[in-house]
Structure formats: structure tokens, C-alpha cells
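To start, I am sharing the structure in question, which I have written as C-alpha cells.
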Amino acid sequence: DDALTLQLKWVTQAQFGGYYVAKDKGFYKEEGLDVTILPGGPDIAPVQVLAGGGADVTVEWMPAALAAREKGLPIVNIAQPFKSSGMMLTCLKESGITDPKTDFKGKTLGVWFSGNEFPFLSWMAHLGLPTEGGPDGVTVLKQGFNVDPLLQKQAACISTMTYNEYGQVLDAGIKPEDLVTFKYEDQGVATLEDGLYVLEEKLGDPAMEDKLVRFVRASMKGWKYAEEHPEEAAEIVMENDETGAQTIEHQTRMAQEIAKLTAGSNGALEEADYKRTVETLLAGGSDPVIAKEPEGAWTHQISDKALQ
Amino acid sequence: MTAALSILAVWLGAMGLNRRIARNEGPLYAIIVAAIFGITLLVLWEMVVRLYHVAPVILPAPSAIGKSLAANLPLLWGDFVQTILKGAVVGWVIGALAAILTAIAIDRSPFLQRGLLPIGNFVAALPIVGIAPIMVMWFGFDWHSKAAVVVIMVFFPILVNTVAGLKATDSLQRDLMATWSAGYWPSLLKMRLPAAMPFIFNGLKITTTLALIGAIVAEFFGSPTRGMGFRISTAVGQLNLPLVWAEIAVAALAGTLFYGIVALIERRVTFWHPSQRQ
Amino acid sequence: MSIITAQNVSLTFPTNDGPVHALKDVDLTIEKGDFVSFIGPSGCGKTTFLRTIAALETPTGGTLSVNGMPPDEARKARAYGYVFQAPGLYPWRTISGNISLPLEIMGFSRSDRAERVARVLEMVELSGFGGKFPWQLSGGMQQRASIARALSFDADILLMDEPFGALDEIVRDRLNAALLELWDRTGKTIGFVTHSIPEAVYLSTKIVVMSPRPGRITRVIESPLPRQRPLEIRDTPEFIEIAQQVREGLREGHSYD
Amino acid sequence: MTEIPAPALRMRRRPALYTGLMQGLFPVLVVLMAIIGVWYLGAFFLNSTWAQDQAARAGQPLGFMDLVSATMTQDRPVLPAPHQVAAGLWDGIFGQKITSKRSLVWHGWITLAPTLLGFAIGSLAGILLAVGIVHSRVMDMSVMPWAIASQTVPIVALAPMVIVVLSSMGITGLIPKALISAWLSFFPVLVGMVKGLRAPDRMQLDLMHSWNAGEAQVFWRLRLPSAMPYLFASLKVAVAAALVGTIVGELPGGASAGLGARLLSGSYYGQTIQIWSALFMAATLAAGLVLLIGVIERITLRRMGLAR
Amino acid sequence: MSIITAQNVSLTFPTNDGPVHALKDVDLTIEKGDFVSFIGPSGCGKTTFLRTIAALETPTGGTLSVNGMPPDEARKARAYGYVFQAPGLYPWRTISGNISLPLEIMGFSRSDRAERVARVLEMVELSGFGGKFPWQLSGGMQQRASIARALSFDADILLMDEPFGALDEIVRDRLNAALLELWDRTGKTIGFVTHSIPEAVYLSTKIVVMSPRPGRITRVIESPLPRQRPLEIRDTPEFIEIAQQVREGLREGHSYD
């Protein structure tokens, strides 16, 4: 079989259920592929792994991918299994925040960094809020790996994913009625998440192109299977988790939430979504995430062949 | 092949030069030798990156790092103040004082020593990566939690060294005190603390670098939007590797300076020890 | 009035190859104001006996009392000035600093300390070396510094373990005279280990001859010499007679081998 | 004011059982009890805010006893109570098959192997460098400052890159983690050994000199024996550092297995009990290693006649 | 044939309170087979001079040659056996281990080592103590062990810094005799520091009297005594005459203070 390595953006969890399903159910095998899945982590920059040759394909968020492209690392989106964004800001009701436009001033907000901060920064730029603190801006905390800052009331709001941290907040015993949430989708600042990226030069190699086509095809098959069978997908993820730290309840719920995000996608990037992401990122005020309209940052070369 | 050869040639040339200079006495020459060694390493690094076309997102060249350093001075200074002056130094001072005082306190009680030291070794072995999130949880996002991590990290190495040092008198020295019927405090202040100084400084020196690592690493687990650890983790995500390495260079410089200052004080305080007299 | 009484004192050291009987059944009485010399072949227990008197070792048998109390209490009452066989100066203090250390511990005032340090430095002929560190002195100078340190605080009992071993004859004579003068003037009780028969006879009111394996006392020789002893006394027949006795005692100790 | 005992007093004989207890377990147990007491108090105070908030949200005021029990039984306590950690440890160590991914023994082993390898590499490097520094002026002048600088490099920042670079060179698994742990463990050995090898005093060196002993002979017969106490003291520090190194290496290494991965994943999901269990497992491991070195130290020093 | 020649040798130590002139303009020639004693008040530079001969210090002025080469080369040729003023035994080795250390370094065979260790232990009267560690011996025993160590490997030049200072008269006499016998039999050249005038006269073919501040040689006395010296030689008029000369030399050195 042809070997191929996939670098995930984060640890083994149902967020990447489609790939694990494809591997476990033998979809990759059917395509003649031997896929190695490398879990990520907080300090792994997936594009760096790609550039270093540690992986052939990586899962990455588009803002980070475009930023890397502007830094001179030519990576290209070849498929987009996630249609919508799962990002949101979750606030305690007692903080008194009801409207982002007026109520964030002077508050402390938890944000993920390491390349995950771009959507937040664009949003704040949209709202015209400086992020250096002070009464007229917001104070930003580099949020750690968990939801503690909210539980400990160290921040008024924290970043959460619909499928992961939000569930953890609920698990911790806080009722949904005690929370206020702002989805990036609803605020009109959503950016594309969890796409598949490769180095541009690889696309020129027909053998590689063929492998990628088969990979995307099998992966999408996995995703659609996971969408329909979230419980089974969660179980597969559990089996692949080497840390033994995940709980089946949490992964099942995550698989269900992820299914909502992958729902509208057949794997091909929709140009409109791309445009919207780029616009959001360009409108970053004084310090936009990307300075100029990217070119060649995506291609249908693979997805067209994979999905015909 | 030629690349490898030219790299080898540079290395051999520089070391030959150093060997010649090292024959001279004096602190100035010591600095020159160290500098030549360092510069050689940097040149080799630059050569490797250029000759083998290493991708800048994997390993930037020293020249690129230098440029980034020069371009980001105010930023780097702010991070330095936040992480080193506030987090590391404050934590180190508190931790060292606490450790020395604790060592003296438990020194009077063999019971406490036998009880505390094994447990101390155990706590000292707690990896910081585990402690840091807990400290962030307890002491908040700002530098206080970083200082707390540093306190925990430096406490036990200094404690263990001090306790060992307080026992480092020889029997003749102790017998003398006994014949004078010296009380606890005089023999502590006038014999055992001075005799312990080489050990205490050993602990203090080792922990200078620990303090830096602790303060920087703790920022990975939550921080305000400044500090060296914060900058490093963010810049990696943005693939701004020259900035990452600029921060690392600042950390290395600060650490060397910190260590150097402590070593200088050690020289002053333990001038009588054979290892300082050579 | 007897100041030190030892009855059947024994001391055994356990070592990796069997116990060593450093002292066995030692009986001795020392009166106030006595100058007692201990003499005997190397390894016969002189140092060990001096150490038990100073409560630095605990006898494994027998009883020992100093000033009517156990040695340890006498030690706490600061009854002893001790000169060890090796100088044992603290390397982090200058010579003056070393000498003033016991004074600091015993709470002498700063000016009193300075005055005493100067006096004893003068006495051991080291004036001018107060500012040096121990490793900058010759062996004999270090030895003298340690004598000065033991003299500085005027303890009632002086225990000296070969204090003049590393000194030349002339300095030794002068220090002998100075020590006798001090003893005579202050009425201290002195225990003194030496290997020199003339020195022992010249200084002592009582000469204790010891013998090794097991360490024990083989002779105690009372000296009839007067307290005032000019150097010339060493040529008198009494002196030579006592020296002869001591030499015989020593021969006996060595005779077994 | 107590007084320093004359040596003889320290040797006063006591009944064997009593001394055995006094010197061995008893003090440790007493101190342990004290710490556990403080810990319970801490758990009570740190966890009570949350318990009271929860009660307030539920609208049921808590009695004192209810509050106490509420602080000791939370799923995600700020500070887990000792018995919770003990239960977590017990379950992790004895409650699982040791091949299970939930077994702390399994994760402990995954961490231990690179630790031992890294410790071996690191201490060897430290000793060799120290030997070089003591014997060569050039090395002394040039290496020492850079060895110090190397330790101030935040290894946690470099670790991901090291792993990425090495894996792009095809080196994965044990070696990268071992290298990071070697990096952290060589320094204490270096510092201690330099001090130790320079510990012989002037007369001891002069004697060797007068016999015209070669550098090697001075080393083997004088410097090395005098350095032994220093060496063991630093080996103890180094082995703990090696463990930290491995754990750091495990954080980004795809967070797959090992105590570091366990710590991190516990962190993602706010599972404090899991964090503390892994932490204690790691500390136990380190303490065990330190103990082992202590035993070797005692045997060696006794053989050398240095332990009196 | 002259083995050691010193011309205008000077040595100055810098210290925290000014330079110390430990040696100034020292001239001396030592012939092969000479037994040279150095005597003089403490601090006069005896140890320092012995150390410069052994290339343990480098003179700051003048020239010094040993066996026709610089001292450092003689050292490398293993020309010296050195007994230091303090025993300096390595605490991690037993007495036997300490004595066999130089033998190991010089590559003697195992059986040869055992035989030599036994022989020198016997000579310094320490047979039976080979298995003990240094701190388990008395001061004098440690000193003898260090003498045994220097004798074990038969160097051509023996430098001994107050080797018998801590020994009683009887052992000292026996060791003196043993040393003389060794010297006579092997034709070694010996440099010997002592504070005892009779010892110096009894042992030496040449007695060097030194004086401090600055350290210098004030007299060199050639002894007309024969190489064979029974103990009784100490009562002959020649002996007493030489001793008188030495004493005078010493007095001169002390006279300035």
C-alpha cells in the first residue's frame, strides 16, 4: 500500500472522527493507502510539521493556513470537510454581557493562541475594540488547555468549541441558563476550520496527486459514515486514544456536534466560504491577520477528481 | 561534500585560534575565548542553514534572528520585564529565602529532617508541567502564578543543598565549638553557615536556570498577552520563528547573566574554598 | 582540691577490623593548679584521654568527673581551652578572626576582643599576621595561631595536645616560659601532651606516662621542682633524675615490641 | 537555647526498635500526616467556593457538614482531596490491566524508558564535559558559559521543534524524548562534577605531582574519588530532571502515551484528579529513581570508605 | 657530583595585605648522597624551599637545577619522594591503600606492591594497621603512614618536611636509625626539615640554618661526622660542638626580635 501521513491539529478526539473511521473501517485500505495519523497538541504547529516533511497532509484552520502562506510557506487547501465553524465565546450570565457591541468593554476574555487567535482578533477588529486592555478595550488572557478560567471566574468569557469545551462547561455543573454564548457564525465573523492542506509543490507530482485523491475520497467516506453513526465513531476514537483519558460520553457528544459542522460539506471547498473567510481576515483593522488577498491558497484539483 | 568540508574547516580554524588565546591569563581572555566559541557556533549554524537550504520555518538563520531581535527591542524588553524580572527573579528570591530558612529550621530537628527530606525529594520530583496549570488556577494569570511555580521549582534543590552544607563541617571544627560550649546560634552563624556556603551557592547556581525555565514554561499554561513564554508559543503558531529564536536568545543571555552574577557573589563569599583558590 | 578524677575509665572504638581499646582502666587525679604532662608512644591514647576529659568522647566504662561534675557539664560551663593536635583553623576567617571567634561566642565586647586578640598574637609571636588567612601561614605559624585561640578566653582548664610539636627549639623555649608564667600567674590547671621528655619535665608538676595496646597509664611521676623554673633548671641533677625516670617509664611501654 | 551536642552525645545508645522507628518511617509518617491534614484543609477552602456557588444556583443552602462532604467529592475539584487522588492512583495502578491504556503502570513505563536512556546519555555527557573542562583551559573558558546558556533555552518551547525536526529526519519514538531529557539532565551533572573534580586540596594534588602522576592517574585515583559525593548529589538532581525532560517531550509528541500525555489530556478536560494522579505517579517514579541512586551511592561510598 | 643547585632563588607570595618574601637570594649546592637538614624558626621558608626543589612552587627569581635539569623535569622523571608537613592521607583509602597508591601510579606489579607495602609498614612500626582508615589512627600513626608512603617507591631524592615532629623520642630514635641505615645503604640524597637540633646533627652531612622575613639561608654547616653513626655519637664532643654551632646560627636568626 502507498504510505501517507496525516497530521492532526489537536489530540485524538471525535473532532477528527472521520479520519479514524476511514482508517478503522478500512476505507483507506480499499483505496490502497496505508495512512498514519499523528495526533497534534497545544505546541505542535501542524504547518511546521508539514514544512519539515513530518507529514504529507495536515488538518488546519484556514486563518492559520493563510497566515503561514503569507509568511512564505506555500500551503494549499485541497479539501474542506467542515462546512461551518464551531467556535464561540462563552460567558457567565452573571458577568452581565448580553451584546458584544457594547458589553465587552473593560472585560477580560480568554483566548487561545498558538495560531488559534486569528478569528478572535478579526472579530474584535470588527467591533473596533482594542485588545490591549484598558476601560475602552478588552483584556485578553492566553487561555490554557481547559475551561477553568470561566469556572474560577478569572475571565468573563472564554473561547469554546461547540463540540468540546462548551460541553465541559456543562459537565462541570453549570446550567445552560447560567451562560451566554456568542457563536462566530452568528456574529458574521466565522472562518473556515479543519481543512486539509498540503505543500504546493506536492501537487505537481502526479503520483502524489493520485494518492491525495484517493485519500480525500476515503476520508470523506469516513466523514459521512461518522456523521450518520456518531456513537460508533466515538467508540472508534476511544480505541485510538492512547492516553486513555477520554470518556465515551464526552466523545459521543462531540461526535454528534461535529456531525452538525460537517453536514453541509461534500469535501470540496466552496468558494463563497473562502471569500467570506478572507474578507473577515483582511478586515482586521490596523493589524489584520493577512495583509493582502492570497492567491492560489486553495484548489479543486484534488477534490474534483476525488468526488466525481 | 564541500559544504561539510568548509564547515569543518571553520570549526578547526576557530578552535585552533582559541587554543592559542587560552594560553593567556586573565578574565578578558576568558571572555574572548567564550565569545569566539559562541561566534563560531553561530557561523556554523548560518553555514548549515544556507548550504543545506534548511527551511526558515524549521530553523531560521542567526542573521534572520538578529534582524528580528533588533526590530523587536521594545517588545522583547517588555517580555523580559514580565517574565524574568517579575516572574523568575521574584520567585527565585522568595524560594531561596524560604529554602534556606526551612533548612535552618529543620536542621535543629533530626526528626523533621528525616521526615521532611524524603517527602521533599518527592515533591521536588513533581514535574513543573504538572504544577504550572495548578498554580495558574490558584494564583491567576499574571506573573504571580509564574513566581509561584519558580518558588516550588527552586525550593527543594536549595533546601537539600543547604541541609547537606550545614553538615559539611569536619569533626575538628565541630569539636572546637564544643569545647567552647558554643550555643546553637553562634555555631550556626559562625561555623555551619560559612561552611555551608559552597553548598548553598551550588544550589543557588543550579536554580538560576531552573527559575528561568519555570517562569517561561508556566506561561504556556495561561498568561496575559505578554511575557517570553507567551510570545514564544504565539510566535510558533504564527510561524514567526525568528521572533521565537530572538526570545530564546534573550532568555539565554539573561540566564547566563543571572548565573554569572550568582557565581560572582559566590566567588566573593567562598573565596576560601579550595575550588575557588586554584 | 581535685579538679579532675578518673576512675577505671575505659574507651573502646569499634572499627571495621575489630574493636580498638584506646583506653583501659585509667585512674588519675588532677589537683587544681596542677600542670600535668602526658607522654607515651604514638597511639597510646593520649589524645583520646584528653578528649574524654573535655567531653568530646564518652568513656565506655568507668567514671570521670571534672570540677565535681560530669565532663559534659563542665564543658557547658566553658571550663576548657583546648589546643588540638592539628591546627583546625576555620578557612573563611583570618587569623585574628579565628582567634576572636570563641570570644564572640562567649560574648566578649568588641574592644575587649581586639585587645585580647592583640595580646595573644603577641604572646605566640604572630603580631602582624592577624590579617592573613590560614592557608597563607606556615605549619608552625598555624599551630601557634591555634594556641593563641585557646588562650584568648582564659579558661580554667587548658588541654593542649602537642601544641609545640611543630616549633623550633628557640621559639619553643620562649613559649614554654610564657606558658609557665601564665600558669603560675593565673593558677590554671593544664593537661599537656608532649613527646619531648625535657619539655614534660620542665613544665609539669606531674608526668603521666602511658603505654599502648591497650592504652593505659604505666607511671605517674610527681615532680619536686618548684613552681618558679628558670631555663637553667634543666641542668640540675633533680631535673636529670626525673627525666631519667620518665625515660625508663617510656622504655617499659615500648619493651613489649 | 539548645546547644550543639558533642559528638559523643550523638552516639548514646538506644533500644534498637525505638531507634529503628525514630530513624525510619515514623518521622516520615508524622510529616506526611501533617501534610495530608493541611491538604484536606486546603481542599476544603479551595473547593468550597464552587460548592457554595452550585448550591446557590440550585437554590439550596448548605449546612456545614454538607459543605464539607461537597468539597471532598467533586468531580472536578480545584484541589482534589487526598483520598480522591489516592483512589485515582489506586485505580490507575491496580485497577487496570497493566497493558491497558488507562493503566498508570503502562504510562509510567512509556515514560520511564526514555528517561533512563536520556539520563544515561545526559550524565555521560555531563561527566565527559566536566572532565574536559577540568583538564583543558580552552574547554573551561569556552564551553561553560554556553552550557549555562543552553539550560536557559526554554526547552518546552524547543521540544516541539526538536520533535518535528527529528521526525522529519525519520527519528521518532524513544529517541527524541530521550534527547530532551538528556538535555535537561546533563547540566546538574556538569556543574556538580566540575566542582567535585576540583575539590581535592592543594596537598593532595601536590602529592600526586611529586609522584609525577599523569593526568589520567590524578583523575582516576584522586579527582574521581573526591568527586564521588558531588557526583551522586548531582545524579539525584539529574535523574529528576531527566524525568521532567521526558514528560516535556511527551507533551507535544503527538500527546500519545506516557505520563506527560496523561497530564496534558487531564488538563484539556479539566480532570484534576487525573492530573494529580499522573503527577504523583511521576513523582513516585522520580523518587524511586532518586532512592535507587541513593542506594548505589551508599554502597559505593561505603566501599570507598567515605561513608563514616 | 652536585644534584641540586640553587642560585639566587627568590619566591614572593602576593597576599591580600601585601607580598610575602618567603625566599630571598637562596644559594645552595647539594651533592649526591648528601643528607641535608633545614632548620630555622617557623615561617622562615623551609617548606617553601623544599617545595620549590620538588617543583611544587616556581621561584619568582633565580635558577634552580636538579640532576642537571629544571626541577619540573626531575619531577617528571619521578626523582622525588616527598613527606609533607601534614599527613595528607586520602580518606577513601585504607593505610595500605594509601601507601600502595604511588606504586599503582608508577606501575609496580601487584605482588611487588604488596611486598613493598608490608616492608615499609614494618619499617614505620605500623604492621597490623594496614586495614584501618586514616581517621582511625592517632596523629603520630598518620604521620608515620605518610612517611611509609614516601619511602615505598625508592625515589633517588627524599624530601621530608618535619616527618618525625609528632613522634615520641623512642620511636623517633628508632626511625632516625632506620632512615640513616636506608640512606647509607641506598645512597639516596635527602632533604630534611626538622626543629630538633640533635636530630639535625645526628642525621646530616650538611645543616642549613634559615632565618625569616625575608626567608634566607644564614649558615651552612658541614658535618665532619662519619656516615656510620651509632646513637652514642650524640655524646661525643664533635657532636656537641656542631650542635652548638647550629644553636648559635638559630639564635642569630631570632636575634632581630
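Letters A, B, C, D and E name the chains as they come in the text, with residue numbers starting at 1 for each one.
In this text, a contact is a pair of C-beta atoms (placed from the backbone, for glycine too) under 8 Å apart; a residue touches a chain by one contact, two chains touch by 3 or more.
Since we're looking at a predicted model, the values are computed, not measured.
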{"item": "Pair of chains whose C-beta contact count is the highest in the structure", "value": "B-D"}
{"item": "Centroid-based (C-alpha) most distant chain relative to chain C", "value": "A"}
{"item": "Separation of mean Cα positions, chain C and chain A [Å, integer]", "value": "86"}
{"item": "Separation of mean Cα positions, chain D and chain A [Å, integer]", "value": "37"}
{"item": "Approximate Å spacing (C-alpha centroids) for the pair chain D, chain E", "value": "52"}
{"item": "Whole-Å gap separating chain B and chain D, where each centre is the average of the chain's CA atoms", "value": "17"}
{"item": "Residues of chain B engaged with two or more neighbouring chains", "value": "58, 133, 137, 171, 175, 177-178, 181-183, 187, 220-221, 233, 236, 277"}
{"item": "Of all residues in chain E, the ones touching two or more other chains", "value": "86, 133, 135"}
{"item": "Contacts with 2+ other chains: residues of chain D", "value": "3, 6-7, 78, 156-157, 160-161, 164-165, 168, 202, 251, 264, 267"}
{"item": "Sites on chain C touched by chain B in the complex", "value": "51, 54-56, 75-78, 80-82, 84, 86, 88, 90-93, 101-102, 104-106, 133, 135, 153, 159"}
{"item": "Chain A partner contacts - residues on chain B that touch it in the complex", "value": "55-58, 133, 136-137, 140-141, 219-225, 230, 233-234, 236-240"}
{"item": "Of all residues in chain B, those that touch chain D in their complex", "value": "15, 18-19, 22-23, 29-30, 33-34, 36-38, 41, 58-59, 108, 111-116, 118-119, 121-131, 133-134, 137-138, 157, 160-161, 164, 171, 174-175, 177-178, 181-185, 187, 198, 202, 205-206, 209, 212-213, 216-217, 220-221, 228-229, 232-233, 236, 244, 247-248, 251-256, 258-260, 274-275, 277-278"}
{"item": "Residue numbers on chain B that touch chain C, as the complex places them", "value": "172-173, 175-183, 186-187, 190-191, 194-195, 197, 270, 272-273, 277"}
{"item": "Interface residues, chain D side, partner chain A - complex", "value": "50, 54, 57, 75-76, 78, 100-103, 107, 156-157, 159-161, 164-165, 167-168, 251-257, 261-262, 264-271, 274"}
